Every structure is written in structure tokens, then in C-alpha cells.
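Each structure below is given as C-alpha cells.
The following pair of complexes shares a single chain, subunit A, combined with subunit B in the former and subunit C in the latter.
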Partner chain A sequence: MSTTVNSNAGASASASTSTRGSDGRVFSYYPGCSQMAMNRAYDVSTRSVAARLGLELVELEDWNCCGATAYVAIREEQAFVLSARNLALAEQAGRPLVTACSGCFVVLNKANKYMAEDPELRSDITRALAAGSMRYRGTVAVRHFLDVVVNDVGEETVRAQVTRPLTGLKVAAYHGCQFSRPFGERADPEFPDTMDRLVNWLGGETVPFALKAKCCGGLMMTTQPDVGRALTGKILKAAKEAGADCVITCCPLCQFNLEGFQRRVGAAVGCDCALPVLYFTQLMGHAFGLDARALALGDSLTPVAELLHREAVHS
Partner chain B sequence: MIAQDEKIGVYVCHCGTNISGTVDVSAVAEYARTLPGVAIVREYKYMCSEPGQDLIRKDIEELNLTRVVVSSCSPLMHEVTFRKACNDAGLNGFLFQMSNIREQCSWVHDDRERATAKAKQLLAAAVLRVGQQVAMEERIVPVRPETLVIGAGIAGIEAAVRLADAGRKVYLVERLPSIGGHMAQFDKTFPTLDCAACILTPKMVSVGQHPNIELLTYSEVEAITGYVGNFRVRVRRRATSIDPTKCVGCGLCWEKCAVKKVPSEFDAGMSMRTAIYVPFAQAVPNKPVIDREHCLHFTRGKCGICQKTCPADAIDFDIQDEILDLEVGAIIVATGFTLFDAGELARYGYGRLDNVLTALQFERLSHASGPTGGEILTKSGERPGAVAILHCIGSRDENHLKYCSRVCCMYSLKFAHLVREKTHAEVYNFYIDMRAFGKGYEEFYRRVMSEGVHFIRGKAAEVSTVAETPEEEGKLIVVGEDTLLGVTRRIPVDMVILASGMRPAEGTEKLARILSLGCTRDGFYLEKHVKLAPVDSPSDGIFLAGACTGPKDIPDAVAQGAAAAAGALSLIDKGRVIIEPITSEINPEVCAGCQLCIMTCPYTAIHFDSERNVSVITEELCKGCGTCVAGCPSGAARQKSYEDSQIYAEIEGVLA
Partner chain C sequence: MAVASLDLREVFLQKLYSIPNGRKVNECIQCGTCSASCPTSHAMDYSPREIIAALRAGMLDRVLRSNTVWLCSSCYSCSVRCPAGIPFTDVMYELKRLGVKHRIGDKGAPNTVMAREFVHLVDRRGRNHEPALIRQYFLHTNPLRALRQFPLALRLWWRGRMPLRGHTIKGAAGLRRMMAAIEENGSK
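Take a look at the complex of A and B:
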């Protein structure tokens, strides 16, 4: 881990030596646009469980769009400039950058890696940042919140927080396409098991779920609804067939696609696709004994609250 | 400073266009004339050729040259050649210096002007250095006639038998309870479809019976010291708990053994073995060992049924590991390979889904003495209606094995043939490229194609269990792009065979440290020269054979075993070996007796003379690595031919 010298004298104590934070517990938190509006529940539940796990999430000041959605596909370099601005802010803050959104995570992480590997891209982005009197030296670690919970916080601490074990709950751990792809730094890129391990620590069990890293349809749910519904339908159908009581996600777009159109998706694939879908943070928070408000369960479009209050879960 | 009366000859090589293509050789030669002490400068197309060497020899004789510099390729390539040319003409070969303007200059640069400038610097360094060099004599030491062969797979067996047949003593060390290696596990062999056991077993038997082979199974090499011709080897013989002089291999003990659920290594986990066991029926030696990790006597301190049963009273729980110290002249390393762990690629379901097998598991499944008696059956005991064979599992993959494992295409073809022959199932091969490189291999490929096997060009993406059609229900569905048709294929099958690649055997790295061998980035042992010295290691007297240097098929492994035996034999038969005089010395006047050098010497070549209170180097053991010189705090340790004056002269040349 490289160290940075922080020029900002007023920065927090943990920022003075390393972007990892002095004890690995303080992060710059990048919410991303979805969590500000449509997927507010993910933001709320992330902050709630982070507090329980002793992780301090300091919202990155003046953060901007990460460059995901259609932008990165059409103007990749410009998208990376947007991400790089966030990275530069995180570098100034002197903490590693964590986000719970897989879409943000991928673009931020790619921009970070590609800048380190490609001198031409780096000089282009450096020039663009300089126009705004900013610079990025490449010292920030970009992390997904799920990765931090499972790989940094770890089993012992997570288990210690469990007051309502998920006994008997069968979960389909749907990681989506962007959590482990393309780099597979901390999980098998094609077949991650990060959430499976987590559910196990929470006292629940995961069902064998072959489609755990397949595409949910992404933005096609709006641009090509037929394709989007077919892809989402496959996932919900497979989860049901595997005997899952619910699906958990670690990405706002996955969550939206899986929970938002179940009736139409069901019609498209010719079977009942009704299944509770919730963020892994909500499930974890429930196991920690947090109340529905702290986890924004009321925002759910599927009967999540009912699922979590079933008799079996309380036993 | 170069003495007034020195006459240095400088020869700049074009190496065809290898050097002259990038370096202005004439300009370099012209520059050489301005250097101190230089009496003659010549450039020539190929200095290493006979006429090139003649130039040097003639100039030494006619011009009375006192020192020689050749600017050409790496010293690894031709230092010996030119040193010999000097010696032939009466000039001590250690008054010769080489400057490398090929590997370290022309091959790695493309700017002609700057490459030429660098070549001049390198040459100046060599000229100034050679002026400081002193004549030395090579040492001649005797060679012991015994050879140590490490690893008793087919390569090691071949090497051992060849040497033993030539009347030389061989110590054959094998880590497992039996010799035979991977080949003993195979069913048939491509492309001839010989039964592996039929061709291997006779060789194994002859190893077991050969009067010149001392077989040390269940044993590992722990330490090696010494040098070419005179190695000292420490071998740990693991306790077998069986007295081999009493055991007749009757088999009563393993029939009675209470532990019956240890996954059989030999059957790749497809069957269970007992705690006292012979790995397979044709094992050599055909005497059991007790696996102390699983034996109840050792784990719980009870049982002992085997001891009570044994009619020969051969079982002795008190037998301890034994340490053997051997002396040998040559060493052949033939430690082989291990399969890439298919579980690392979770998308293919190995270890997660039933009926997804590795290549070795299929070999055992198809083998007449395997868990099903050679019938190809699914886990539920049925004949498969369709089988998929997935090539390049782990191989040719940026994230895993970057290289091609060479044999997988061919054994996959063999598997396809065996499945067709035994079950008439449909067989689907998912391949990237078909590599049928050996004698009779392309013909075998054609034959298998004509047998109705399906070939789908494209690496399989995953093995799924999510059915999309009624035909896919309950099947393993192999999903992959058919790159010839440009479509995604979904093939429902009953069995998937993963053609896992080959990686270095477990312990390769540890043995590399013991033997001071180098490894490639992939972890395989590094040969002295990949083309021209493929069975020599960079260390004299140590030879390499088989898959320990990279994936190989049986014919190549056998050829290398024989070649390594020839290398060892030529060393042994000469009976003596010339050793470079570049060693370290410790000046007893300066040595403070701190013994730091003794701690750092990787060859245990230094001992402490407590009477004089100084460290002393045993010249025969010293390899001239220079570690002691770098470590010595008082400057008492010096390395011949790497004196400070010589290094400084070289630096001065580079900076000139």
C-alpha cells in the first residue's frame, strides 16, 4: 500500500498516512446517484449496517456522476474523467473509496486501474483534471461495500452482530454481472461466492444458484424490454426453482430489475416470478436486529417485510 | 590503467545482421582503435565460426597479443568457445573478456545511433576490464560413478534404466509408495491406443529387479551439497511401518484394515482405499505402506488389526523415518507435473456438480482396473448418452496458465474415441485450436473425426444446470460460442470431462531451492538452453527430464529421460571434470572471524578454523557466487576475476 502525504492540514487523523485509513475502518463513501433517489433503501441500509460493524463511512464531499450508465459505453474516456475526479477527491480526503453500487464500483475501479496501466490515458485524464485545478496520483483503493464486509470485516465480527439468525431462510445470492467482473480481484469473476459466505454467517443458507453472476438485463429493461424481461425472468425463475425464499442483490440496478417488473416478467417467461427481492444490506441488518426503518424496508416493491417476519426466520 | 606493453586484440561481430542490423559495427570497431592498449581491431560476420576463431588464433600467434576482447553475444552462448580459441593459441583463456552487444544491445533497441553508442560503452568496459584480469588455471576433479534420479515417473524410469543398463549405479528416489508416476494411472495412450499399463509395467518391473538400481520409494531429497561429479545427497526415507525383508505382499493386511474411506490418490478420488495400502495392483515395490495420517493406531492409539493379521510379522509401528546420505556424480531431476485444479474455475462446476470429471478421473473411470472396471458410467451408474470434453481448462488463459499444456488436445481425442467405442454416446469437443503436433497425431485426429465425434470450435463458457428446454431438464448444459457458426450453443450432456492443463509438480519450488535451480515464470525448471541444451540445467552435473521443464507427452518425456541419462553417462565416463577457477578467497590477515560468510554461503563451502580464528573456503565446494564477498564487513573475502580493480575498470569503461 503506497502512502500519501496529505496537504490538507485539516483532514482527519486517519488521512495523514494512508488512503486505506489508519485502521482500515474509515472510508470515503461514494453513494452514487441511484442511492440518492430510486434506491434510497440501499443507501439507508448500507449506512445502518456499516455503523453496526464499526465502519465509518464519510460521504465523499462534492462527489459527481461516476460515468456509468450509457456514458461509459459511448464516451469511455470522458466517463473515466468523471470517475477520476471522484478518485482525486478521495485522494485528497486520504481514505479508500467504498461504494455499494456495482455500476459505480466497476467504472471507478476501471478508471483507477486503466490510469495506472496506460500512460496515454493517464496523461489525457490528468490534463482534463488539471483544467479544474485537480490532480490524481493513483493512490486510492476502490472497494465494493460487500467486499469490505466479507473480506475486511470478516466472519468473526459479522457473526458477533447477529441477534436474529436467519434460520431456515433459503436465499438466492444474486451477485450480478459487475461485482466480480471483469477483474475478479476478490472473487471468482464468473462464479462469485461472497454473498453465499455472508448469508451463511448470518445463519441462513443459500440455494445452489447457477445464474448468480448472469446479466439481469441492465438498462435493456427500458430500451429493449423484451430482452430485459427474458433475462430477468430467467434469474427469478431459476431462483424459485432452486427453492429460494428470496433473492438478495448488491447492485441497485439488479435490484430494480428484479423487484420492479415481476408481473410483466412473469408473463414474458410464462411462469410466476413473484419473489421477495432485497439488498444484502437489508438482510444483514435484519439479522443484526435493526428495525424496518433503519433498513428502509418500506421502500420495497416486494413483500420483504412479510418475509422477514415469518415465524421461521425468528426461531 | 592498462600497462604500456599490453597488446589487446578487439573483435567486433556482426552476427549476420543480428548485431549489424541495429549497431553500426564499423563505427564500434573504429572507436575501439582509440582505446588504451588496443593493438588490433577486426570486425567479422560470424566471430564464433571457425574462420572467425582463426582470426583470433592467428593474431595471438603473429602479433603476440596479451589479451583479447570479443564484442558479440552473451557469454552464456560463446564464452567457452572464445576462451578455448585463446587457449589453443597459447593465451590463457582468463585473459579474454566478452562484451555482449547482442542480447543486451542490438536485440533490445531499435534506435541505431543510440544502440551504437551503447555498444561502444560496453566494449570500452570490456577493454578496460580485460587489462586488469589475471591468468588462472582450471581445476580438474574426479567424478563419482553413481547417479541420483529424482522422480520415478516415465522420464525418471527411462533415465534410471538406461544408466543401470550401462552398468552404472543409480539411486532412484520417489516421493510416493510406488514408482510409475502419472503414466501408471492412464488407460490407453494416444495415438496408438496402446494400453499404458502394458507398456509401462515391464519397465517398472525391470526397475524393481535391476541390480544397479537402488530404489528409494516413499522418500524425499532433503538437502544437496557439493558440486559436479561430487554431490552429497541427504534423502529422508519416510517410515512405511513395514519391514520389507519380511513382507511378501500377500494383501491380508489391507483386506482387514478398519479404515476404508480414504480417497484414493491413485484413482483421483474416484474410489476409497485403506490406511495400510498398496496404491495399485502392479505397484513397484509391491509392498504396502501405512498412511499414518489415517491409520487408527497412529491417530487414536488403538486397532493394530493389520499387525495381528500379518502372517509374516512384517508390520512394525515403531519404524522411524530414516536419513540416508548418498554420494553421487550426477543428478537427474524428473519430478513431473500436477494437474491444474479445475475447481479454480467455478463456472465449470468441478467439485460442485456431479459427473463433471477431470482428465485423470476419466482415465481411471475408463481403466480396466479402475473403480468401474473400465465401464464409462455416470455417478448413478448409467451409461451416458452424451459426453462433452472441454479443452484448455486453465491453459492458454491469461488468468491461470498462460501456456498451452500441449497434451490435452490429444488426450481429449483419445477420450472421445474411448467414449464412442465403449458407450456409443454422442461426444462434443469444445476446443480453441486443435493441436495435433506429433508423429501420427494428425492422423489420429482425422480418425476420431471420422468416428462421428462432434467438434465445436470455441472455448466452453460454463456448465449450467438451468434448463431452458425440456431436453435440457436434468442435464449438464455446456454453453459456449461456436466461433465457426457464430452462434451460442447449448449442449445438454450427461457427463463433462475437463481437459485440465499441466502445472509443475508440488514441491518443484522447494527442490529448486535445494538444488539452486532456476524456474520460469510458470514455475517449471529452466533449462540451460531451451533448444540446444534442453536436458541440461544451468548447474553442471544436474540434468532435467520430462514434464518438470514444461508440459510433455509420453514420447517426449521418454526421449528426455534417455537424453538426460546420456548426459550423465558422458560426465561419469570421462571420470573427471574441469571446474572454473572463479572462486572466492578469504584473506586470513584481514578476516575478523565474524563468520557472517559461513551463515550466508548457499553452498556450505566455508568453515571456521577456530585455531587461527578465521573463516576458510573449501575451493571444491565454492561456486563463486560472491555472496560472501558482498557480505564480508571487513573486505577479507575476494572473488577471483571479480576483484574491485576489475569492476572499477569496467565501470570506468561504461562511463568513458
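Take a look at the complex of A and C:
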């Protein structure tokens, strides 16, 4: 069990969340803005593996942007309105909310908790929602798709789908900084092992990777390139030094930073940082025997298809 | 608008106290765990620990005028490790908003431009549209630097990762009404 309750983060266990109206297999699916554009491969591969695992993802009707880390840095309560509208839509649909984006997950989950804990905030948000003829009673559970696959679907079902085991493949499981934070309800906030367990079920192995939850720099790759490159560089360098054949991610921003700037990042940290980077959903889908199109492997900026082909030949 | 340093502290604390666990800021023991855990503190003029020291000394204006707060990437390393349970990431968010609201700090700093353009897009469409965000960002900062990104943009476009059209949600008008309502009645 990797479930850790982290009291330091200030989370209270009193959040009134439940999975009412669901048999645990049907979710309202929140793709997130990035999966509509630069990181659509994550959306495509998530839907493909979900279908294999018997998870029904019903796209949340008319969802809006969660606000990410930028909106709340300018306006506080408005940022909560963005989350609350999505939660209200999910409540209406009567299903728990699942997203594969770690950024969206943190924002929606945190807003859900803060609204449950802070009556003043809740009543402000309730009035705002009412102005758009919506309401939220606080009954929706927010989940990360990775957490659902590993902790709900579980080992037996995942293993049963594997037709191309990842024998001999060494993977750096980069969870990123958002997936298990700030509350650490379902994975350790310092050393999450959710993807390590998954890779193991797929027949591969993960390398020891101390930077698995270190920040990639997020938007700083664009706004403060020197800082962004140093952070991303450390991660790629550590993965290489650990002997990994590839890095897997569970966040679109991590994925983009790690795959999109390898030459400049390598120059910044003085090391060859070329390494295939792919979503955990793509790696899982490959092990399930899904084809390149179902996993949008052609979207990759690193030689992912070549890596998996080589892998398939070896096994 | 000039706000005296000490007033700034009062304004800040009042805001911070309204956040869950915000009052814990008073329990900081200056251990420096946050600074040591922070992936970007090496580039900050004031490290996370020093920010709390500056708050106590009534010197928040100096922090806001420095490069510090917008170097926070919201990674929550500080928050999950702080032995006093201080939600330090929220402290950083509050400082960002304080600077924006009272126009203290570098208005043209790249991270601020990015955040403002993002808010702009989301307010209008209800969704972010990455190609538009990046275009607006470079237009408002350094258009020449955009040229260096061109090869990458081309590779993305070639793979269909740069759709030209964004999406506007059906509920955009309703969302605007909600935003107007909280602008008017919000208690925070």
C-alpha cells in the first residue's frame, strides 16, 4: 500500500467526497486544455487504454479550463469559480471526476477540499454559481487517471491485458511534482511509486530515480528558460545516469518540457540529454498490444516508436 | 499607489488568514526546510525562509520588488515538507496577487505577462488555447525570441499539435456572469 496521509499539507479528512451514482467503472472525464492541443496524444492514449481496462470515460459536457497555476496567481476567488463550475457539472452527471493531467488534478482536488473546509469561500462560490444557474453541493470525488488504473482497476486486470510484456525495458518513472501533492492521499508526496508498480505489472522494470517527484520547471521553460532548462536537465541527466531506456510521464507539461527541448537543455547542463519520453498511457497501451495510431505515437518529438519497435523485436 | 511596508504586512496577513491553515505562518521556526526543498530558490533574491523573515520585519515590499515570487512554480515541495504545516505555496500565490493588485514589482516580468494573457484567454473563451497563449506571450515580451522557437513550433504543427482554432465553451456567457457576481459579492 502506498497510501499516505500527510498531515503537514494541512489537509483535513473531512472533505465530503464520495463516488455516488457510480459503480466505480464509469467516470466523468476531464481532458484539460492541453490535451486538446499540444498534448492530444495523452488524451488519445488515455481513452484507448481506458477502453481496454473496462473503464468508461464520459467526457464532461462543456467543461472549462481549471485555471492551472496561472489564474489563481492573479485572482483568487475567480479561480475557485473555474473549478467549481466543473465540479458542479460532474455532480449533475452523478459520476466521479477523473483527469489524466496532474496540473488539472491538483487544481480541481484542492478547490474541492478548500471549499469543503472553508464555509466563507463556499458561500461565496455558491452565490457565484447561482448567477449562472448552477449549484455544487460538494459530493464529487476528484481522481487522477493513473491512480484509478493502479489503485482501483488493479494488478490482476492490468496484467490480464498484457500481450507484449516490456521484458528488459528500463524505465525512469517520472511522476512529477503535482501528481501526489499537496495532500498525498493516494501516493507518497515525496516518493510516489504508482507508476513503478504499473511498469512492473507490464513486465518492465523501473530504475531507481531520486528525482521522480522533483519539479520540471513548468512554464518556466518559456518564461525563464535558464531556470527551466536547469531543472529539466537535471531530471533527464539523472534518468540517463540511472541507465533508463526511456522516461514516462503522467503530466502534459512534464512531457512537453522533457521531450521538446532536449538539445538546449543538454547544452545547459553539459550532458547528452537525448532520451525517449512518453506518457505512461502510451507505454501501457503498447504492452496491451495497441497500435501506434491508437496511442498517437506519431505525435512524439523523441524516437518513441523506434524504442517500442526495438522492444517488441527483443521480447 | 504607494503602500507603506507595514500596511502591506497587515493587508497580506488578513488575506493569508482567510486561507485554510494560513494562520500557521506565525508558527514558522525559520528552519529553512522550504528553501532547501525549493527547486528554484537558487535563482530567487529571497529564499522561501527569508520571505517569512522579511514578512516579520515588515519588508515585504522588498520581496515583491525582487525577482522572487514569480520564480515559484507551485510545486508544493515546501508545503509538504514544512514542519510547521505552513501551506507555503499558498503564501507564494498570495504574494503574487498582492504585487499584481498593488502594482508592486515588475509588471513586465515574463511570468506576469504569461499569467495575465492566460487569464485573458480563459475569461473570454472558458478554455486556454496554447498556440494563442504563446503568440500573445511573445508579442508582449520579446517578439524576436519567438524566432528561436520557430523550429519547435514547426515540428509541433507538422504533427498536428498546433491547432489554429481554439474552442469557446457553450457556457461562456454564464461563466462571465459567475465571475461578475464574485467580483461584486466576494468576501475575500
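As a convention for this text, the second predicted complex is superposed on the first by the 288 of 315 C-alpha atoms of A that agree within 3 Å, B and C clash if a C-alpha of one lies under 4 Å from a C-alpha of the other, contacts with A are read in each partner's own complex, and residues count from 1 in each chain.
Here, a contact is a pair of C-beta atoms (placed from the backbone, for glycine too) under 8 Å apart; a residue touches a chain by one contact, two chains touch by 3 or more.
Every value quoted in this text rests on a predicted model; they were computed, and no experiment measured them.
J.: According to the stated criteria, A:A210 is in contact with first (subunit B), second (subunit C), both, or neither; which is it?
T.: first
J.: State whether A:E56 touches subunit B only (first), subunit C only (second), both chains, or neither.
T.: Neither partner.
J.: Classify the contacts of A:G132 with the two partner chains as first (subunit B alone), second (subunit C alone), both, or neither.
T.: Second partner only.
J.: Contacts for A:A238 in the overlay, against subunit B (first) and subunit C (second): which applies, first, second, both or neither?
T.: First partner only, subunit B.
J.: When both complexes are superposed, which of subunit B and subunit C contacts more residues belonging to subunit A?
T.: C
J.: Is A:F191 in contact with subunit B, with subunit C, with both, or with neither (first, second, both, neither)?
T.: In the superposition, A:F191 contacts subunit B only.
J.: Looking at A:Q224, would you say it contacts subunit B, subunit C, both, or neither? Reply first, second, both or neither.
T.: second
J.: Same subunit A residues contacting subunit B and subunit C, which ones?
T.: After superposing on chain A, subunit A residues 184, 190 contact both subunit B and subunit C.
J.: Please name which positions on subunit A make contact with subunit B in the complex.
T.: 184, 188, 190-191, 193, 208, 210-211, 234, 238
J.: Over in the complex, which subunit C residues touch subunit A? Could you list them?
T.: 18-21, 24, 39-40, 43, 70-71, 73-77, 79-83, 85, 87, 89, 93-94, 96-97, 100, 110-111, 113-116, 118-119, 122, 126-131, 134, 137, 152, 155-156, 159-163, 167, 169-171, 174-175, 177-183, 185-188
J.: Looking at the complex, which residues from subunit B come into contact with subunit A?
T.: 344-347, 352, 399, 462, 464-466, 468
J.: Help me check something: in the complex, which residues belonging to subunit A touch subunit C?
T.: Interface residues on subunit A, with respect to subunit C: 6-10, 12, 33-34, 36-40, 62-65, 67-78, 81-82, 85, 106, 113-114, 117-118, 120-121, 124-125, 127-134, 177-178, 181-182, 184, 189-190, 214-215, 217-220, 222-224, 226-227, 231, 260-261, 298-299, 301.
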